[in-house]
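Let me begin by handing over the structure; questions about it come next.
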Amino acid sequence: MNLYQPYLMRIEEAVDETPDTRTFKLVFQDPKVAESFDFQAGQFGEYSAFGEGESTFCIASSPTRKGYIECSFKEAGKVTGALRKLGVGDTIGFRGPYGNRFPVGQMEGHDVVFIAGGIGLAPVRCAIWNVLDQREKVGDVTIVYGARSVGDLVYKRELEGWAKRSDVKLWQAVEPGGEAPDWKGEIGLVPAIVEKAAPRSADAFAVVCGPPIMIKLTLPVLEKLGFSEERVFTTLENRMKCGLGKCGRCNIGPVYVCKDGPVFSAKELKALPQEL
Amino acid sequence: MSTRILTKADLAGLVADLLSAGTRVVAPARVDNPQVAAYRPIASFDEARLDGPLPPRSPKEFFLPPTEVLLRWQKKKDGIELQEVATEHPKQVILGARPCDVAAVEILDKVMGWDYRDELWFGRREATTIVSLACRGVDKSCFCTAVGSGPDAQKGADILLVPSDGDAYLAQILTPKGQALVEAHAQRFGEASGAEAAKSFREAATRKVASNLPIEATKLSGWLADNYEHELWKRLAMRCHGCGACAAVCPTCHCFDIVDEPEGIDRGVRRRNWDTCQAGKFTVHASGHNPRGTQNERFRQRVLHKFSIYPKRFGELLCTGCGRCARACPAGMDLPEILGQIAKLAGAGVPTGGTK
Amino acid sequence: MKELRQIAAKLLTDGAVKVVIGWEEGPRGARAAFVTRPEDAERLIFDARCVQNLATYLSPRRRHVVGLGKAAVVAKPCDAKAIAGLIRESQVKREDVVILGVRCGGVVREPTMPASLTAETVADRCGICETREPTLYDHLIGEPQPEPPRVTRREEQIAALMQKTPQERFAFWSQQLERCIRCHACREVCPMCFCEQCVADKTRPVWIESSSHPRANFAWQMTRVMHQAGRCVDCGECERACPVGIPLNLLTRYTAQSVEKRFGHKPSDDPSIAAPIGTFRSDDSQEFIR
């Protein structure tokens, strides 16, 4: 088995979150791997549709849940198009886990804010569940999630569950014009909702993922609210191929996104060339 | 490190021994066009052109082929079956490679072994014994001395041959693998004397190359990291076509693509193929966004990767000063010229003439 | 050269153009120059080493050049044919470029060679070239030039290949294309390869595999040559750029010979003359299309 050889995964569940976004629950075909596989929230993998190629997605499930992993992806090209055609019982490949992680351990005893936009909820979701599965370890948990419209919200069932929890403060938002008649959440862009939510920032951690423009506008809001730039984390996306630091593609300035990332603090992000 | 001596006849005999034992021997060798040599397997010592021109292509393809199968897959009734590819290879000897080409291989070991060990690369490395040949200096585009190397550099070689008096070669045995080769063919290696004779060859070659670009490229790393938005980058690559000929001939360029290739209805291979950061679509995202959308940005990346990013990460410049990029470029992009310009801006124009 | 420099400086001083694209002395020989200040016009040269076809820089794909603003470009007669091709195919508007035509007596094979034209040093295409000056220009510069040394080595090579059996020819090309590493330098330097997304880059579906193996290499080269049929101006840049020395101009020249035979068409620097393959005429000699 050379380092480019993937694990074989069976698709156990396939859920269409939105018209172009799908979530797979994947089970390792090799029971030994299923038992021993471990990863940390924030890490990603290379998922293959054999015959089409590989594509990079985060692992969207929490490492607290063993034996399977989940990923969510948007149909955008050849490989994601092929993956969308696969269903329960089909086999795909998975190489990973690669990259660095969210500092979930450091969050113990602190308040945590999760901020996501659109499909950006996928990389954040693994950290959310990692934290919720060990809820007593952290302080207040705030989730701010927005999408263009009600139809674009992902993990709708889980959002319902989080909304009902008394130990989670959930803010959901859609952009003006994206609401349904029975929409009870906020209307606006995520950065504005974060400002409205004004979560307590003292010693708190924040995790932010979403479209580049959303991140760009949210980071200053967090700074204004008093969050330390060493405690605000985001994930960077870059075109990747090998995922493990050899092919050179994801290199930005002094970092390789697949090795030094994909998780970066706001402070580290500022030091990177604005090539993104 | 021990030193032996080989006459040309000894060398021819060594090659004959290796070939008859079934060991592949790769050397700069004749091709159709008499102006050109190419690193290729030879069937006899006569085919080798050790004193010939620098092959336009580097020998990196013997460690990282232009296309390489990573795995094979087969669709079965109940799923997929994966078939591994061999990572062990028959023994081979690369003979007469230039020190710039050979240093590159050791430099690439760093990225290939970074946390994840690339078995495909190291399988070929382990099977290969490298016997390099010190160089006279090719032309004005050589700048090995500027990057901390030299025409008689030892980096990456198992044995370094240096042309000596009377059609002979001084052989510096540098590694256990080199030693093993000598022991297996002891009758071809004589006792050394005349180490002084090789000195004048080395000094002349070093002087010749050093005069091309009297700077220390290792001193550019800081300026490069701090001057990402400098004016220089905005006009430097106007003439660059992004054709990637430079990356193709470069002994240290290693960026690759990974693709799936069906070979039938129910089976296929996954390959890695040479790629280049100079290609327009190298960094394009699925959304269509391209962080390095113009040639100036892409060219900046190439210079930075080689002279700032790789050395910062691995302690080695990703360049051995072979000059092929300048020779191959159809548009006249000239890396020694550019490094000279950067050295002026960085205040780092320190003459150098050492070898390692 | 003095005339060229004066005209270039004046165009820049008057603001008629923002950049003059010509040739200059580089460390290894003549190379493309991008002059944006009138005082730098002194750098411009023109001699038999000015091999590079500068028309490629007018392609809209070259965003970094387009970004400089309106350009003047120095053009040999063959380069002017490429500019005409770009105009003909709507990549460049005639009024958006100032063409500094130069009279040409041929160039050497590589810009790094001395500027002395002999039967050995002259470029293949110049050996048969009849055009001493362009007809597409805003300024025509330079003294009338003598004919380049007449050589037909490339035509002879093609004729020799055509004497062989198809199997022998296939064996020849298999050997040549084995070296192809799919770097696509041939495409990137070609003025007529201006597609934003080349067919070889398409992934849905994969028309041409990107790997370097015989099946894919043949598919790539054959496709590129066929896409150039009737459009290639024989500037020779593809073969010159190829880092592994594949004799691509045998393919492009043979294709041009075929187009000339079948359609009576030769590359022209008159943009109003339509390209044969991309044009339909009701009196087309090909019956099947009617």
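We call the chains A, B and C, going by the order they appear; numbering starts again at 1 in every chain.
Definition applied: a residue touches a chain if its C-beta (ideal position, glycine included) is under 8 Å from a C-beta of that chain, and two chains touch if they have at least 3 such contacts.
Everything numeric here is computed off the predicted structure, so don't read it as measured data.
Q: Everything stays put except that subunit B is ignored; which chain groups still touch one another?
A: If we ignore subunit B, what remains holds together, so that there is one piece.
Q: Compute the centre of every chain as the mean of its C-alpha atoms, then state which one is farthest from the centre of subunit C.
A: A
Q: Taking the mean of the C-alpha atoms as each chain's centre, how many Å separate subunit A from subunit C?
A: Measuring from centre to centre gives 49 Å for this pair.
Q: Roughly how far is subunit B from subunit C, going centre to centre by Cα mean, in whole Å?
A: 32
Q: Which whole number of Å gives the spacing of the CA centres of subunit A and subunit B?
A: Measuring from centre to centre gives 40 Å for this pair.
Q: In subunit A, what residues contact two or more other chains?
A: Within subunit A, residues 53, 77 contact more than one other chain.
Q: Of all the residues in subunit C, which ones touch at least 2 other chains?
A: none
Q: Please list all residues of subunit B that touch 2 or more other chains.
A: Where subunit B meets two or more other chains at a single residue, that happens at 257, 259.
Q: What does subunit C use to touch subunit B in their complex?
A: Subunit C reaches subunit B through residues 26-34, 52, 56-57, 61-65, 67-68, 111, 181-185, 187-189, 201, 209-213, 237, 240-245.
Q: Which subunit A residues qualify as touching subunit B in the complex?
A: Residue positions touching the partner: 1-6, 8, 10, 29, 48-54, 76-77, 80, 91, 93, 212, 237-239, 241-242, 244-249, 251-254, 256, 259, 273, 275-276.
Q: Which part of subunit C faces subunit A closely enough to touch in the complex?
A: Of all residues in subunit C, those touching subunit A are 203-204.
Q: Going by the contact rule set out above, which residues of subunit B touch subunit A in the complex?
A: Residue positions touching the partner: 70-71, 73, 75, 79-80, 82, 84-85, 87, 111-112, 114-120, 225, 228, 254-260, 262, 268, 270, 272, 275, 277, 282-287, 289, 291-292, 297, 301, 304-305, 308-309, 312-313.
Q: Can you list the subunit B residues touching subunit C in their complex?
A: Where subunit B meets subunit C, its residues are 33, 36, 56-57, 66-67, 140-141, 235, 237-239, 241-245, 247-249, 257, 259, 261, 271, 273-274, 276, 279-281, 293-296, 326-328, 330-332, 334, 336-337.
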